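Each of the two complexes below includes chain A, the first together with chain B, the second together with chain C.
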Partner chain A sequence: MGVTCVSQVPVAEGKSVQQTVELLARRLEALGADKQGTFGVDCETYHTAATLGTQGQTGKLMYVMHNSEYPLSCFALFENGPCLVADANFDTLMVKLKGFFQNAKANKIESRGTRYQYCDFLVKLGTVTMGPSARGPCPGACLGWGDCPCVIPNDCWNLLMEFMQSFMGSHTPGIPSVFGSKHDSTYSPGDTMVQYMELFNKIRKQQQVPVAGIR
Partner chain B sequence: MPFVGYLLSSVLDQSLESLLHRLRGLCDNMEPETFLDHEMVFLLKGQQASPFVLRARRSMDKSGMPWHLRYLGQPEIGDKNRHALVRNCVDIATSDNLTDFLVEMGFRMDHEFVAKGHVFRKGIMKIVVYKIFRILMPGNTESIEPLSLSYLVELNVVAPAGQDIVSDDMRNFAEQLKPLVHLEKIDPKRLM
Partner chain C sequence: MADGALSPGVNLEAFSQAIAAIQALRSSVTRVFDCLKDGMRNKETLEGREKGFVAAFQESLHSVSRDLGELERLSNLVGKPSESHPLHNSGLLSLDPVQDKTPLYSQLLQAYKWSNKLQYHAGLASGLLNQQSLKRSANQMGVSAKRRPKAQPTTLVLPPQYVDDVISRIDRMFPEMSIQLSRPNGTSAMLLVTLGKVLKVIVVMRSLFIDRTIVKGYNENVYTEDGKLDIWSKSNYQVFQKVTDHATTALLHYQLPQMPDVVVRSFMVSVLENTFFQPDLSVFAVTDIRQFCCSFNFPSSSKLETVILCVSYLDRGEELIPIPLG
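And now, the complex of A and B:
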């Protein structure tokens, strides 16, 4: 998909997440973007089981993610750590590792929605849902913006930002932190997954309001 | 979940060429395939009695290939009539930061070696003839020495569970390699 920027969409005043997404979808279509199917990105969280810990380190969280843009792949990452790109058998391996890594099923988070193509840009507009059945309340919406032909962030960040600004105005996101170390080196799908992971973690924290009854 | 069936043997260095000649005749007609791989075995120790073992393998002579991560289960203590040693296996292709990732998960490298040899195929059977080299200085694959004066010969098939007809095919093929090589089902206890 080329260089990609993932951002959270602020919910429009007085509107629900669903209504905000519909508003943006109409705006994209008015711009002339073509609907091109759907997309899905999901993220499962694993934490080290009580059996580990002989090394005395605090339990780490490992994220295993999937992106419909890369249907045969699986991405496994640690926050501020390496991102492994593997084939779909990695999920089978995680089942074998269940004595060491436990799947925190309640933490499963995913974004699903529509893909739009506008010239060289691919825009993915989705709603974010949490929980094992993914039918829980919708905590947010997110946008993924990609410049398809370009893989060097430095070469296309200005163009991407201009395009996003024309659409999101003052809500245009800043330069993603993954670009920081990558100005002139090749952008990779793993960088997109890191952005999704950071976004999902941010949305999860926003949901952790200390009120009884909210998962 | 797939299983891999194994038959194992070895040949002395001086018998290698005869074996390769026989295999070229018996196996599928294809370009001779050689390999030079570096394998690292990682362990994850928990409170269970036995650690979790994963094998990470990379090609040293072919650039651009993904790394190969393999999980092998315990040998199935099954039917004594089965002609091959059978183990549950999961094979995963990965990006080249695999070892960093395994360490981040808590795995530690237990040992490593270099394997150099030839691969042949006959249908879904794979015949691998290879020599193991000890790595003299950890992480330095330039400085290696052979572990023995022989080549390992391995006949293996990866198949879904329950396909015992596969092990019959393996036995029939193994017959054709006698007396050069006697491929046999190794007693699992001898591997420990």
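And now, the complex of A and C:
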């Protein structure tokens, strides 16, 4: 898939996440998009083990992510660092590296939803859920959309904005930061995963604020 | 009894005898009732009359039972009719379909109407197509085979070196466009034109005439598994399929059989220098998705007219409609 933009959908006043998602889904279907199945993006956090780190250096966080758009791949990325695109067997490799990287199971976050196709555009609308425990869905709906044929982000940002405005109205987000760093180089799937990681971190921070503050 | 049967199961001789036996049985039963109806005959003594009546009655009853026995014997001899021909030809009558359940007449009528419409539309289409002749050869139409010049038109037999020179000259015309020439299948050239980081065009040529074009996205694979240039598969994206259609229209529109190099140059120029591509080749940097105008401004010359095709992506997910104007 070509250039992709991931953003969080603001939940309207007095509506639940589910209702917001349904509202957007209905708008997309009215626009004429075809529902094409489901998608899932998940993210697991790993801490670097304390035994490895030198003094004073806090453990770095590593995120291992999967995307149903690329089912045979696994993405590993640091916060501001490089993004590694690996085979699906990378997960078993992480188990073997238990001594160096420890899994923070409570921090697993994922986004699942439906995938719509409209001509050459792909829109993925989903809800973000956090944690294996019965914590319930955290208030977050996320939207990923992309223009398939295009590979230069700066060229097609305006087009993507126009498309978003046609069904999101005034809630269109700003240009993602990854686009700024890539001037004329080709867009890659790793950039999509960086955007997802930033979104998940933002939602995680929101979750830590008391509930009354979110609504 | 002699078996005169036509089929193994049925004994026809016994069959006819059984029918005769039925008639005999009927007549003996009738005689019984006649006897009862007639009553006693007129004899001298009452005993005589009674005896006579009883004797006659018994006689007729015996004949009934005799005929019944004969009929039963014959019916056993007749045998079962074979399953495959239950009633021979008369059995086929039951397979006749009910007339009003087969809409034969209405189907015939629809087929006739359809073929009439088809003929009419074909006539209209041929009239329209004949107005814009797409024949790209140098010969005139209607010239008989004898009068056609025997020699091959010179523009078709060009040395490959000449073709290479023309292409490399065009390649140098624009910095953003790069042309790669290869000859995987004989002498016809295949060009892979790359336009910035936007799209790739595969042009199949026949000496200096452009035969086919396929437009694909920049990230799409243009090679087959063997590593050869893939000239047949279409683009995966609808946008480039539309651009392919326009490019094909352009190459059909430019026809100058005597000066093919002018044709090739104008084709390349028209692909680049129209308002679809901004001068810095930022494709898709359009201001309004609703008016996504792709216009091919053909340079006017003595032979070519200006044709503008507008492709508008209409709002709210309507179909892509090409609207020819002018």
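Just so we're on the same page, the second predicted complex is superposed on the first by the 203 of 215 C-alpha atoms of A that agree within 3 Å, B and C clash if a C-alpha of one lies under 4 Å from a C-alpha of the other, contacts with A are read in each partner's own complex, and residues count from 1 in each chain.
Just so it is clear, a residue touches a chain if its C-beta (ideal position, glycine included) is under 8 Å from a C-beta of that chain, and two chains touch if they have at least 3 such contacts.
Keep in mind it's a predicted model, so treat the numbers as computed, not measured.
Undergrad: Quick one: on chain A, after the overlay, do chain B and chain C clash, or do they fit? Just give me the call.
TA: fit
Undergrad: For A:Asp87, is the partner it touches chain B (first), chain C (second), both, or none of the two (neither)?
TA: Touch status of A:Asp87: first partner only.
Undergrad: In the superposed arrangement, which partner chain does A:Thr186 touch: chain B (first), chain C (second), both, or neither?
TA: second
Undergrad: Contacts for A:Cys119 in the overlay, against chain B (first) and chain C (second): which applies, first, second, both or neither?
TA: Second partner only.
Undergrad: Please work out whether A:Leu199 is in contact with chain B alone, chain C alone, both, or neither, and reply first, second, both or neither.
TA: Once the two structures are laid over each other on A, A:Leu199 reaches no partner at all.
Undergrad: With the two complexes superposed on chain A, say which partner A:Gly2 touches: chain B (first), chain C (second), both, or neither.
TA: In the superposition, A:Gly2 touches chain C alone.
Undergrad: Classify the contacts of A:Lys96 with the two partner chains as first (chain B alone), second (chain C alone), both, or neither.
TA: So A:Lys96 only meets chain B here.
Undergrad: Put chain A at the vertex: what angle do the Cα centres of chain B and chain C make there, to the nearest 10 degrees?
TA: 90
Undergrad: Check whether A:Leu143 is in contact with chain B, with chain C, with both or with neither, and answer first, second, both or neither.
TA: After superposition on chain A, A:Leu143 lies in contact with neither partner.
Undergrad: Identify the partner contact of A:Glu162: answer first if only chain B is touched, second if only chain C is, both if each is, neither if none is.
TA: second
Undergrad: Chain B and chain C, closest CA-CA distance after overlay, in Å?
TA: 14
Undergrad: Can you list the residues on chain B that touch chain A in the complex?
TA: 1, 44-48, 52, 69, 71, 73, 90-95, 97-98, 100-101, 104-106
Undergrad: Quick check: in the complex, which residue numbers of chain C touch chain A?
TA: 197-198, 217-219, 235-240, 282-289, 315-318, 320
Undergrad: For the complex, give me every residue of chain A touching chain B.
TA: 48-49, 51-52, 54-55, 60, 62, 76, 78, 81-87, 89-90, 92-93, 96-97, 99-101, 190
Undergrad: For a test of understanding, state which residues of chain A touch chain C in their complex under the given definition.
TA: So the residues of chain A touching chain C come out as 2, 31-33, 118-120, 147-152, 154-156, 158-159, 162-163, 166, 184, 186.
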